[in-house]
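Here is the structure we will look at, set down as structure tokens.
As written, the chain order gives the labels A, B, C and D, with residue 1 at the start of each chain.
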Amino acid sequence: MTEQNQGAIRVTVWGENVHEGRDESVRKVYPDTMHETIAAALRDKLGQDVVVRTAWLQQDEHGLTEEVLADTDVLTWWGHAAHGDVDDAIVDRVQQHVLSGMGLIALHSAHFSKIFIKLMGTTCSLDWRAENDRELIWTVAAGHPIAQGIPHPLVIEREEMYGELFDIPQPDELVFVSSFSGGEVFRSGCCYRRGQGRVFYFRPGDQEYPTYHQPEVQQIIANAAKWAAPTSPRQLPTVHHRKNPGWFEKA
Amino acid sequence: MTEQNQGAIRVTVWGENVHEGRDESVRKVYPDTMHETIAAALRDKLGQDVVVRTAWLQQDEHGLTEEVLADTDVLTWWGHAAHGDVDDAIVDRVQQHVLSGMGLIALHSAHFSKIFIKLMGTTCSLDWRAENDRELIWTVAAGHPIAQGIPHPLVIEREEMYGELFDIPQPDELVFVSSFSGGEVFRSGCCYRRGQGRVFYFRPGDQEYPTYHQPEVQQIIANAAKWAAPTSPRQLPTVHHRKNPGWFEKA
Amino acid sequence: MTEQNQGAIRVTVWGENVHEGRDESVRKVYPDTMHETIAAALRDKLGQDVVVRTAWLQQDEHGLTEEVLADTDVLTWWGHAAHGDVDDAIVDRVQQHVLSGMGLIALHSAHFSKIFIKLMGTTCSLDWRAENDRELIWTVAAGHPIAQGIPHPLVIEREEMYGELFDIPQPDELVFVSSFSGGEVFRSGCCYRRGQGRVFYFRPGDQEYPTYHQPEVQQIIANAAKWAAPTSPRQLPTVHHRKNPGWFEKA
Amino acid sequence: MTEQNQGAIRVTVWGENVHEGRDESVRKVYPDTMHETIAAALRDKLGQDVVVRTAWLQQDEHGLTEEVLADTDVLTWWGHAAHGDVDDAIVDRVQQHVLSGMGLIALHSAHFSKIFIKLMGTTCSLDWRAENDRELIWTVAAGHPIAQGIPHPLVIEREEMYGELFDIPQPDELVFVSSFSGGEVFRSGCCYRRGQGRVFYFRPGDQEYPTYHQPEVQQIIANAAKWAAPTSPRQLPTVHHRKNPGWFEKA
């Protein structure tokens, strides 16, 4: 996979791929599926700096075999209608890889994915409304690499609304806050470290709206992929029995 | 001061007291001055749990003598038109008390006060507009004591707008986020620890609007006073030359 | 339970209660069991401010029925040898109560309890050695209520060593850091908010050492109980479908 | 400066350069001065990825003219004996550049430099002892880029001791914690964001010890330089009067 692009970030774009199959409205917005749209966007934005593949729910092991994950620097996750269909063993496997250093970008309704809830430890619940709200995304972390080149605010003309209270641990870094035409606010770009891995939650992307076709949204996901890529060798934190090395002793 | 109310929180409400003297519009909204309005609100909300005094810019030493500060658990600060007239020596004195454990509640345009900038280390700049925006204040920290009993959202019908990017260090705890009728957002309730002291920044309260008459706003300031009160004896962190106590030794 | 002590903090001290039954060495240190020792310490330190009960693994539902948890402000948890014997359904129940506002104090080897791992989302692994190390516990959060009245450092003459890297999310507040006679360090007092609840991890307390008989250790657990007690009504964060209230509209 | 190394990080290594002139003991350890030693180490570790210059107290404007700072991505700062001799106007200038995006690495006794205190807002006081302690530096942030390739622990055979309580704001990310032969601990690698800039405090480096000759210490400073380099165009956060763009309106 990496022959042509030494040093490129290896991204696997995971899609639930349910709405695309059953909802005509979604097929119209995303004729190539949501995951292929996101994958194409990353290739477009990052060029030689990235190698992108896709995987989806209906594949064997949801396309997330040990081999695929070991060959993935950053995994993006979009799910909504079928969180419950994701195999717990695969969720555990993904978590092990995140804690070992693989980056994870949780997109929109992935706030309720098993993997995100498992990494957060909270309910991850929120308020919502699907009525063509306008969303404004404001940068609140000056100079953060994920916000690089993004307008202030970024305007998404039509989106589902997600509102506070978003039941997540306080982010290690809060990058974006959204407001909606109903006046609601939402912490829409949230950075976490978990184990050796980095996790970024990014709010926009309901299946009924063309959000992932919007260049600035694509740019944020590309920026996040660069931010989330590991800088150290992958390694799961484990227990060690440590002998006293004898540097110091009780006096 | 504390004879009648053993264990009461001793609050000093500091007011710049400039607009009240020169602007008819402000006098109409705050005929008793802004600081007396805030002081009365704290007495009303906290009853026997608080002892409140006021101090203002035009007093000797701005009313913030060593004796007053030593007898103050929590200081609230409102300033806007005359930040530059505050004596640097008094600012240093207030900072020493905050770092020793005195709580500080910085209100609205106090984001540009010398004391707040000094404690933050950043420009504390922001975007603004004074055109009767409606402000919605949303709680983003579930169960935080400063948000206790506050509606979600708290609606302020008319206020000045403050928008991001608010150039502050990332808050230790972010409690409130506001949105405005122009679609802007703002981190409007921010908790910090500095030295032994706790600092809370609370956004609303432009002099032209009756914000400090609003019971929910008063409740937040009362909650914050309880949160910011010291729980340990006051003590300024200082350098100590520490002898090796001989617990451990180099082997 | 609360008739006699209006406003008292209701603490449930949970013990695994396995070592006490099978290990003569532990019975000698804790003839009344570890959980009864901790419970007595809390009663001693907090007096009328607390009502304490105990519960343990071998009871029906591990003593943690819905009724008990609903009547508990703060739950302390000690486990080591039998983490796997704790029923997943009970763990889920405890988690729901924490996210609703119940405080949780995870003690020592509870770093590997199901409930702590579930709330953290990481492996919670660490380094260790059980060879009578001396532990020094240093306060790094000036003026924090959990450190109130605690010597700097607090010296524990003999303890198991826990060393970094401790695989936890970065604490919302880091209160204590320990060093050991082997030169290792450990983040030994860690505060988190999860949902509406507060979580405190406190390192010392291996079953082979008399740590929970030491007054300063007891004081820290008492301080933590006060810190972790909820200040708002208990409520699990949940999803709400929010109608547009019409404050603002798309122009 | 950047002709030969397009994309290289431009580092300015600033030295107080007082001990080197007056203390024979320091000259023996650092015959080329401390700042030239650090500069050479960065060139050695980062090669083509860096362009390094030096500046020092005794130069005009301490060598930190507007031109130099505008051409600097990351500034490292070592000072100890002459903090008071640094011109306040230069400190303000450096602060403006940090808040605009220039990285700052504060080394050892720079905890008491005017620039570090100004960015922190606290006393930055600590405990100390200069008696050839052994220091162990432990990584507590798994997979952090500043810790990449660093042994766990990193052992420094002889150093001055710095102990808690270190009066700093809680770091945005805590990377390293040290222990000393006297049993003391210290948060020895601390990351902050201030404005658009990144600040890293790194503890070791007393003038009497050969710390900056140690390859692992050099590697940490090199890692920090990469971490602290700006990723966005330099820009000082400033106040903007924002007109209502008319996206939303009060209903």
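Methods note: a contact is a pair of C-beta atoms (placed from the backbone, for glycine too) under 8 Å apart; a residue touches a chain by one contact, two chains touch by 3 or more.
Which protein is which chain? UniProt says A, B, C, D = Trehalose utilization protein.
Predicted model only: the values in this text are computed from it and were never measured.
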Which chains are in contact with both chain C and chain D?
-> A, B
Farthest CA centroid from chain B: chain A
Please work out which of B-D and B-C is bridged by more C-beta pairs in contact, and write that pair.
-> B-D
Geometric centre distance via CA averages, chain C-chain B, whole Å | 32
How big is the gap, in whole Å, between where the Cα atoms of chain A centre and where those of chain B centre?
-> 37
What parts of chain D, by residue number, touch at least two of the other chains?
-> 134, 136, 141-142, 163, 165, 167, 170, 172-173, 179, 181, 183-184, 193, 195, 237, 246-250
Touch list for chain C against partner chain A, complex = 95, 99, 118-123, 125-129, 131, 133-134, 161, 163, 165, 167, 169-170, 172, 181-184, 192-195, 236-250
Chain A to chain D touching residues, read off their complex | 101, 134, 136, 141-145, 147-148, 155, 172-173, 179, 181, 183, 193, 195-197, 230-232, 235, 237, 247-248
Please give the residue numbers of chain D that touch chain C in the complex, ascending.
-> 134, 136, 138-142, 152-153, 163-167, 170, 173-174, 177-179, 181, 183-185, 187, 246-251
